[in-house]
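Alright, structures below, take your time with them.
Below, chain A partners chain B and then partners chain C, in two separate complexes.
Right, the complex of A and B next:
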């Protein structure tokens, strides 16, 4: 053996012997020791380069000036830089144009998932369908209280929605309520109920729900003739809606159904544009200083609402 | 243990004595192996020559592009006219399985064949030592003399020449490796215009450095202490595995040859030590099978040449199994060895799978994913709608147009998705809506089939999915 330093017969021992086996006193391998010393050096270098020693109010900053939040912000800036061309393009497009452009549509849907999850999913459910019996509108079906075109959806998000149905507890006799409940259920099942329809007309229900009971989207009133229920199709629940109404401030048991306003500014702008078109004027020539006074609240930006409009439209019910 | 304790007469140092006889190669003495011609040397050259494919393969062209290209950025593997996408990854698993089992099978038959004739560590080391031998002397004596000689211009220039050649081989190894992953001609172009990507530079640099270090300096020490496959293969031997072995019964007692020696009264081994001198890992095969033996057979060549000289039959060192040597048992034919049969079956299965995969590569990868939330939607006319995401990957090199239909459920209509065009290599997720009138729904879970007809061809693709509706 060329190298005898590890030779068991020639190495000293620690003096410990168990069962005749001596504990040899070999040195640690050189590479191992070097690695240990190197790791010590690395620690010192790390302390100099990075924030490390806690002080009373702060810590040492380190020569590199690295911080966790700084790294996060850098990464965020990178993501935003990647998204910027799409976001800029999106800002200049109308919702219809986005729906027609496959690439932008994919981007809008992909980037709206988080937006929808943060702002909408709490009520409307992750996939646009709220939990059963929760009493929130389903965004995936083809029944829309305020209309299911992209313009109408955008308006609903921007302006918010709050329907009103007065409580009828004091206005109707119990047997009239019974008859109306039956009429509503029959309508949904496609069964003719002449007497019920007569009462529906006599009591003025048609004013909001329409003479054919199919609802009027300008008022956001429910269509009573289809299979979809705004709240519930249970008899007792229908009775509750008729007796206590929706958003009736004078009835403590009333149903509360409020869609918050997400951008007052956009709502004002959309309305002004709609009026301008209705009056035969060019919506591009509206003098916004007349319409907006700068105090309009904006919970979501115009681009975000556009994206959400696209996102809600593609749930499957968009018209 | 208690035996030792109870018997104070046993000197513990005796226990170590056996071991201290054993010389362990820790790299403290440089192995300068003598080079002798012979059958196994030729075999080694043949095995080594396979590696020229590494250097030449990337330059084969097919239809204007690289014939074999692992295109990582594009997530595809081009093999002549075939393009393999990550979706076909199972074929890669089978290929890896095939080679892993092949290693096991070959090892169980004839030992570390991979180590001895093909392993890149063996091959590159052999080339490096060949160069070193030519420049600095090809026997331990010459090499030692050169090492101890004073630093003259001749010594310096020889050293520089050696290291330059080593580094050049390392560099070419790195470049050739990278050339499998990017267009080889473009790579050379980029290198001469200094536009190689940082990734390529790092890989080439690590290959150059790795080759230089491992084949130039670490050499057989890699096989001894670093390589896990060496250990893995070492434990795959059994008593029927044929290995280069020294026939001790015939060889011992060994002695130097003297005039008038009668070989019937002594062992055949003339103790010439040529078998040790030619060993690239520096072991003595006469001490028996050991971890340092890469079964390259060079000692067999060497011993045979000596046996020829002393007019003795060849094969004092030969490929033989443990049973042949120690039990005088005849060699068992391969088809009677259980593990060879099992390995063979696995090899056949893996090979069959790979052949099946290559002959059944489809032009598309088609998937339909049912929306999870909500599972179904009630529409105002009472019908039920399900939403699906259709994903279609075009694996051909041309755009394809597909017309979709729904089969398997009467009354089901397809919306949003009827025709679509997919660009080559692209996968586009598209929404599909399926509507079914309430009276057609017999169950809350009905299987349906998405069928796509590829334009201008009779080929169709289909995917089985489910239509869900509320429980009745």
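Right, the complex of A and C next:
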């Protein structure tokens, strides 16, 4: 009958006539029926194996006990199991040791990208170079305000940094400001400006920027003799820095130069180790219960800071 | 057998009745789901969806204005978050060329994506230059969206961060 489906006169009917239209009795194609039955079987099997039927407060669990969150946790556990040997090893290594171990260095850099993106890129830019005019230090130019060794970078991340330059609006005459602006621009261009340098010295600028105006890393002061600008090399912006200073709480137009503290705990530990070494003691003998009271704030773990130190260090060919 | 749409004999057929019952069950279940979606949890239904759509252009303009301001911000959260425990949350906000901003207000809005009833807001106080902080306690573990809104005159600036609060 199926072969005669296009010949109504050759096809049987159901005996029903709907308003004069005869209801034919063509069977469904075999492949279609099989597919229908198979899909029904699959539905039943699925309902038995997986959570399917909603109940009042829960649902049927299914014989396999599968859940979405369970699958997520399994996958996460697999990733963590793969990373665990590296993470455990990394936790025991110093930053210098990581730099010397090619495999661990690759792992640290690879796993730092998300960390850097989440915590650093908003200020320092995705690749270490901040957006024009953002006013954050560039990490790719190998010019480090607080030093570019791995230990110094690690300390900068852990402890945070906060520059300080007093506002000079009330301390300098306008012509003195003009002269100092010119001195700064001349210095960055390698032009000798003796009168400017004399004023730079007389007004005490050397105390922070050094007698040679090249900056003092212990203070985080900027090198005024190169073309790398902490804020901007434009004359108006240099003038603004001199007039309103940096982080001067008494001047509302001051510039902000703050690197947040990412681990007070690690900062205390690094400082304690540095003091111990300076005093000729073994840093492994430090009694941490004397140094830490458990209230130290941590925004990143010690291992995360190590990774970021390595990541940042390789940006600008760290020292 | 003469069958037409005026013939009600079909309603005596158990197959037809079964199909109608199936349809009624299906529609009832959908009705219950829609009712539950409206009643709880509230975030599943955006009640002012039409108004939000109308304000799309305004929201886009707001984003453009924020970009033009040249302000930047970074949220600092604890490395180990804990539910029902006051922990320090901070944000660093500064203007173009590191300019200090004498902000009128800085507010931390905590949004619970799965339940708007848990949302709350905390005012942040200035600490260091450009830094604002607040002790915040999240009362539920899991995913939260932290949106910090800084205002100065008619200017508004937002920094966002999605975070997970540990049990």
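Criterion: the second predicted complex is superposed on the first by the 272 of 319 C-alpha atoms of A that agree within 3 Å, B and C clash if a C-alpha of one lies under 4 Å from a C-alpha of the other, contacts with A are read in each partner's own complex, and residues count from 1 in each chain.
Going forward, a residue touches a chain if its C-beta (ideal position, glycine included) is under 8 Å from a C-beta of that chain, and two chains touch if they have at least 3 such contacts.
Remember, predicted model here, so these are calculated numbers, not experimental data.
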Touching partner for A:309 - first (chain B), second (chain C), both, neither: neither
First, second, both or neither for A:228, with chain B first and chain C second: first
Touching partner for A:301 - first (chain B), second (chain C), both, neither: second
Touched partner set for A:19, first chain B, second chain C, both or neither: both
Touching partner for A:133 - first (chain B), second (chain C), both, neither: second
Touching partner for A:122 - first (chain B), second (chain C), both, neither: second
Partner chain in contact with A:193 - chain B first, chain C second, else both or neither: neither
Partner chain(s) touched by A:253 [first = chain B, second = chain C, both, neither]: second
Partner chain in contact with A:263 - chain B first, chain C second, else both or neither: second
Footprint overlap on chain A, where chain B in one structure and chain C in the other make contact: 19
For the chain A and chain B complex, residues of the former touching the latter: 1-3, 7-9, 19-22, 102, 106, 125-129, 138, 140-143, 223, 226-228, 314-317
Residues of chain A touching chain C in the complex: 15-19, 119, 122-123, 133-136, 162, 231-232, 237, 240, 246-247, 249, 251-258, 260, 262-263, 297-301, 304
Interface residues, chain C side, partner chain A - complex: 1-5, 70, 72-74, 76-80, 88, 90, 92, 94-102, 128-131, 159
List of chain B residues in touch with chain A within their complex: 1-2, 4-5, 10, 12-13, 16-17, 20, 23-24, 26, 28-29, 371-374, 377-382, 385, 387, 428-429, 431, 433
